[in-house]
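Both complexes below contain chain A, partnered by chain B and then by chain C.
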Partner chain A sequence: MTPRPLLRVFVSPAVLCAIGFAAALGAVLQYSLRAYVPGSLEPGGFTLANFTALLHPLYARVFLDTVWICCLTAFFTLVLGYPLAFALVHARSVALKSVILVITVTPLFLGEVVRTYSWIVVLGNNGFLNSMLLKAGLIDAPLQLMFTRLGVVTALVHVTLPVVVIMLAAALAHIDRDYERAAASLGAGPIRAFLTVTLPLSTPGIIASVTTAFAWTFSAFATPQLIGGGRVNMVANLVYQLGFASFNFPFAASLSVAGLMLTFAVLALMRTAARPFERIGLH
Partner chain B sequence: MKRLGTSIIASALFFVLLSAPSDAVAQDKLVVSIWGGSWRDMVDKIIGTKFTAETGVPVEYITGGTIDRLNKEKLAKGNPESDVTFTTSHVGWLYANDGLYEELDLDKVPNAKNLIPQARISPYHIGTWAYVYTIGYRSDLLKGVSFESWQDLWKPEIKGKLAAPDFDPSHLIVVAAILSGGDAAHWEKGQAKLKELKPSFKAFYTNDANSQQLIANGETPVQVILSMNAHYMVGEGVPVELVIPKEGAVLGIDTVAIMKGSKKRDLAYKFINVALDPQVQAQVASFKKGSPMVSNAKIDPAVARLPGVFTTPEQWSRQAIIIDHKLRAEKTAEWRKWFTENIIN
Partner chain C sequence: MPRARSQTMPKLVLPKALRLLSRFLGGLAVTAILGFVLLPAFVVTLAAFNDRALLSFPPAAWSWRWFAKAIAYEDFQAGVRNGLIVTSWASSIALTVGAAFAIALERYEFNLKRALEAVLLSPLVVPHFTIGLGFLILFAQLGLARGYAVIVACHVVLVLPFVLRSVYISLRNLDPRLELAAASLGAPPHRVLATITLPLLVPGLVSGWLFAAILSFNEFTASLFVTAQRTQTLPVALYNYVREYADPSMAAISVMYIVATAMLLIFANAFLGLARVLNVEHR
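This part shows the complex of A and B:
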């Protein structure tokens, strides 16, 4: 009799899933090293040509664009999400908490495609935003928001916000309120108490949510596909355009492998950069 | 270790039981693979219902995108998930080249004797309806602009107004080649011409719904558009003008085939025969505003008058640009890569 008799039973489905994921990843890696045969679904012999083809400047540009869009999305999601999470945790009224929670979480139930289509209605030349600005006399001609990086980042922030708010709220809820009370009793005003106590103590939550937002955005497909309209492309869109829409699965696989490597590299960099800040949040 | 092994086997059995189809159910139905949405609904309503009425056999549909279904059938090679598959003509060649299709015995399809020559795609797949990709524009938003030739897309007035599909650049690649004295096989002749069109693009749409939305809200008032989509939008009250340029419009044909390894080949042939029934073909033409594939279909005159609906040999020869379907299957990747690297990005 083992000390935890049910552990193996509970772990075995996870082991099976892990084997499945590893096999799928192995297949992608294997495909990335095979030649594309025009007009056939079967790949040819082993080759590095798919990776040498990635040296075209277009791919470097799209990879850099993807990282930049992820950074912008993570930053703006944090800027918008932190006050929401703070209000969610600190609101005294249960009704207010519920309202904030519902507003924050509801978009999660709509699905990415529906949310993205709603942004097309908002951002279009004849959309809600331009119509309001034109009626208010603030602009003379519609602003070009669709098919721009600004439009894509705006929609991505909306898609990512619920996850970030939930993560930040969890982190903020774990901060002992006595620290803030202690700061107040020593003469700190609300802003100073927030800047010197709450914000530093929430650093681990900030790092976790920014990292999640970044990784979440890196694999974005539907939002840049629909809002970007082919003018703003991320790695997943390239994989679709060049691989799946043209049946060149080996090249699609090499793009995916390169994207995965880039994600690992950027996340490792972020981890290294965040390490000094993590210590600040220890409590 | 032994206990872990037992647990893994138990979990595997659980997953297998979850995913395995019931043989009892699989025996008494015909499984048809098709795109979802209105395509599935149309085939079910017009073809499936008649097939079931004639044979007593229900039809079950597997729906998905072109590539999803292709991949699934590739993985199930020899033991197909479906008995009958609908897909585009050039994608059908990918199925055929990979040995996924049964070679058709058209003697078992009496209605096939009326097939028009353009519908005989290969020994493995035949056309069920046709459409064109051509110029569609919002006449209310582009006042004073007319389109008689594909060349008109290069007009300065179109700068920043055009959208084209991001999933298939073959239409514009072949058109640019033709305007430059080439053809699909010598498409490189049109590369410089197509690069001149780059400033005209405002966006690239990703599917039918995206195309409809972009032309309905006026975001891209000119599109290289699927004729069926344009007719649908007109029906919805959007003033879209569809043009058949003097060089012709780029033809697309959706096809039907029997999967190799299907255990219900006789029923599959009956299903295809129903799909080619002249009355069924007329109903399909009315529903989707597409061209029939049999010569004896009696098309509603109002539908037959629509641009992109071909009902006479003269229309087929003068108004359709037909890209060799096998060549298109072989060239798609090359065209797609060039278009992405030089036009989209």
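This part shows the complex of A and C:
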């Protein structure tokens, strides 16, 4: 066994953080099994009532809606993100690369509220898009984009795009160029080289980024809250509403637990689907 | 018979004109996607300089007054102050914990290494409302007030994965022989760490800290759960503003936000090499 100087010093702070995080998740789990006492912030005794209440069609619908919105967002983010990541990795000039990189990454650090507000200004009835279309004479009345699923998904794609581009670009950047050169030297054109070499080799990156896009969208709160305006509800909005409008923290906790289990189930599913591709990615 | 097949299949070599056309179309698609990314920033800038309180495109008259109003707004000032307190603590703690653990991950084998790593990376996929709710309940159960400590603890857990990744990547690029040389010349482990490892890690540490700070300053969903009226950070203050008012002060502060973040990232790109930090450089 090799000597491990300073190991304890390096690891103990991380252990402390992990314990804190686990305790927080444990607190959610514990609350989800407690009864709600109306008018009190203290939960009652242990019960499974919160989880049976989740089966109510109203809540089941919000879950289904959320999963559907997450899938739509993940799909469109991938469709828009792949060309951008490809351009970022394969751009010939350094300046062009920097421009793409800064434009793509800046929104990642703007936070959900600023970006969501910006989309309200774009999508609103007096907003940019409707004003321009009205002025151009293409429409007679403003299109209803706010408070619709289309509006929510558009903003969510914008919110999720940077992280997907970064993950896809990292995957594309780590594909050995020799494979592409080999394909080209054997007579494959750029399209064929892309379809038969680059695309399959980037599959692990695609799966990883779709998974992350799904998880991030599931976690989004401000976008569905402000653009959905109560007409498009996601699990995050329901949790907040239950916690801070009705102070039913036990039920909010059980929704969170269900959401967490759903996220992990989807992640596990995607990982299983990705397994055959993982071997290709290693080199 | 793979060989025979490749001979009979027509080669997809494109004539030059077609190749140019496909390059042109690819460029067009990437430009359009970058336009989609930039659209909200562009529109919100137009709205911020609009003299009137109601949105109209293009603005009839221009003015700076919303900027003055946003800067003078007390909730935003308090939000910036609270945000800076939380961010400086959270990013510094996360940097210390994350850097130490990244070194342990890269250099040593120990019990539960993978499990610990998985727990600390999981905030990337666990919904933020779950984490926020968890810390809220945990601190309430421990009988602690809703002060800065709970926000800092929550933010440390949330930004730790990014610090870990950033430091880990720069550790992988560090030549372990430099440390071995120092050790073989008689330097004790703490001296190797202080004079060789840490100085060589500076770019990774700076970028990790920068990412942690920007993400913590912008963290919204979890912050909404763990902040109180007195401790609300800027994104929470912005959210409350958007819900109550519709004047362009929010647009003005969004513009300041976008400009500050873009400048930070251009700086990071120039001095640290954003592509290397994000691991998207072609090998």
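Definition applied: the second predicted complex is superposed on the first by the 274 of 283 C-alpha atoms of A that agree within 3 Å, B and C clash if a C-alpha of one lies under 4 Å from a C-alpha of the other, contacts with A are read in each partner's own complex, and residues count from 1 in each chain.
What we mean here is this: a residue touches a chain if its C-beta (ideal position, glycine included) is under 8 Å from a C-beta of that chain, and two chains touch if they have at least 3 such contacts.
Here the structure is a predicted model, which means the values were calculated and not measured.
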{"item": "Side-by-side fit of chain B and chain C on chain A, or clash", "value": "clash"}
{"item": "Partner contacting more residues of chain A (chain B vs chain C)", "value": "C"}
{"item": "First (chain B), second (chain C), both or neither touched by A:97", "value": "second"}
{"item": "Touched partner set for A:226, first chain B, second chain C, both or neither", "value": "both"}
{"item": "First, second, both or neither for A:36, with chain B first and chain C second", "value": "first"}
{"item": "Partner chain in contact with A:188 - chain B first, chain C second, else both or neither", "value": "second"}
{"item": "First, second, both or neither for A:248, with chain B first and chain C second", "value": "first"}
{"item": "Which superposed partner A:13 touches (first chain B, second chain C, both, neither)", "value": "both"}
{"item": "Touching partner for A:124 - first (chain B), second (chain C), both, neither", "value": "both"}
{"item": "First, second, both or neither for A:112, with chain B first and chain C second", "value": "second"}
{"item": "Chain B region in steric overlap with chain C, selected from 57-65, 147-155 or 291-299", "value": "57-65"}
{"item": "Shared chain A surface residues [contacts with chain B and with chain C]", "value": "9, 11, 13, 15-16, 41, 117, 120, 124, 126-127, 226"}
{"item": "Residues of chain B defined as touching chain A within the complex", "value": "3-4, 7-8, 10-12, 15, 67, 70, 74, 93-94, 97-98, 163, 166-168, 201-206, 210, 213-214, 217-219, 326, 329-337, 340-341, 344-345"}
{"item": "Touching residues on chain C, where the partner in the complex is chain A", "value": "11-14, 19, 22, 26, 29-30, 33-34, 36-41, 43-44, 46-47, 54-57, 96-98, 100-101, 103-104, 108, 110, 116, 119-120, 122-131, 133-135, 137-138, 140-141, 153-154, 156-157, 160, 188-190, 193, 214-215, 218-221, 224-225, 235, 238-239, 242-243, 250-251, 254, 257-258, 261-262, 264-266, 269, 274-275, 278-283"}
{"item": "Of chain A, residues touching chain B in the complex", "value": "8-9, 11-13, 15-16, 36, 38-42, 56, 58, 61-62, 117, 120, 124-127, 146-147, 225-226, 229-231, 233, 238, 241-242, 244-248, 251"}
{"item": "Touching residues on chain A, where the partner in the complex is chain C", "value": "2, 4-7, 9-11, 13-18, 20-28, 31, 41, 80, 83-85, 87-90, 97-98, 100-107, 109-122, 124, 126-128, 131-132, 158, 161, 166, 169-170, 172-174, 176-177, 187-192, 211-212, 215, 218-222, 226, 235-236, 239-240, 243, 249, 252-253, 256-257, 259-260, 263-264, 267"}
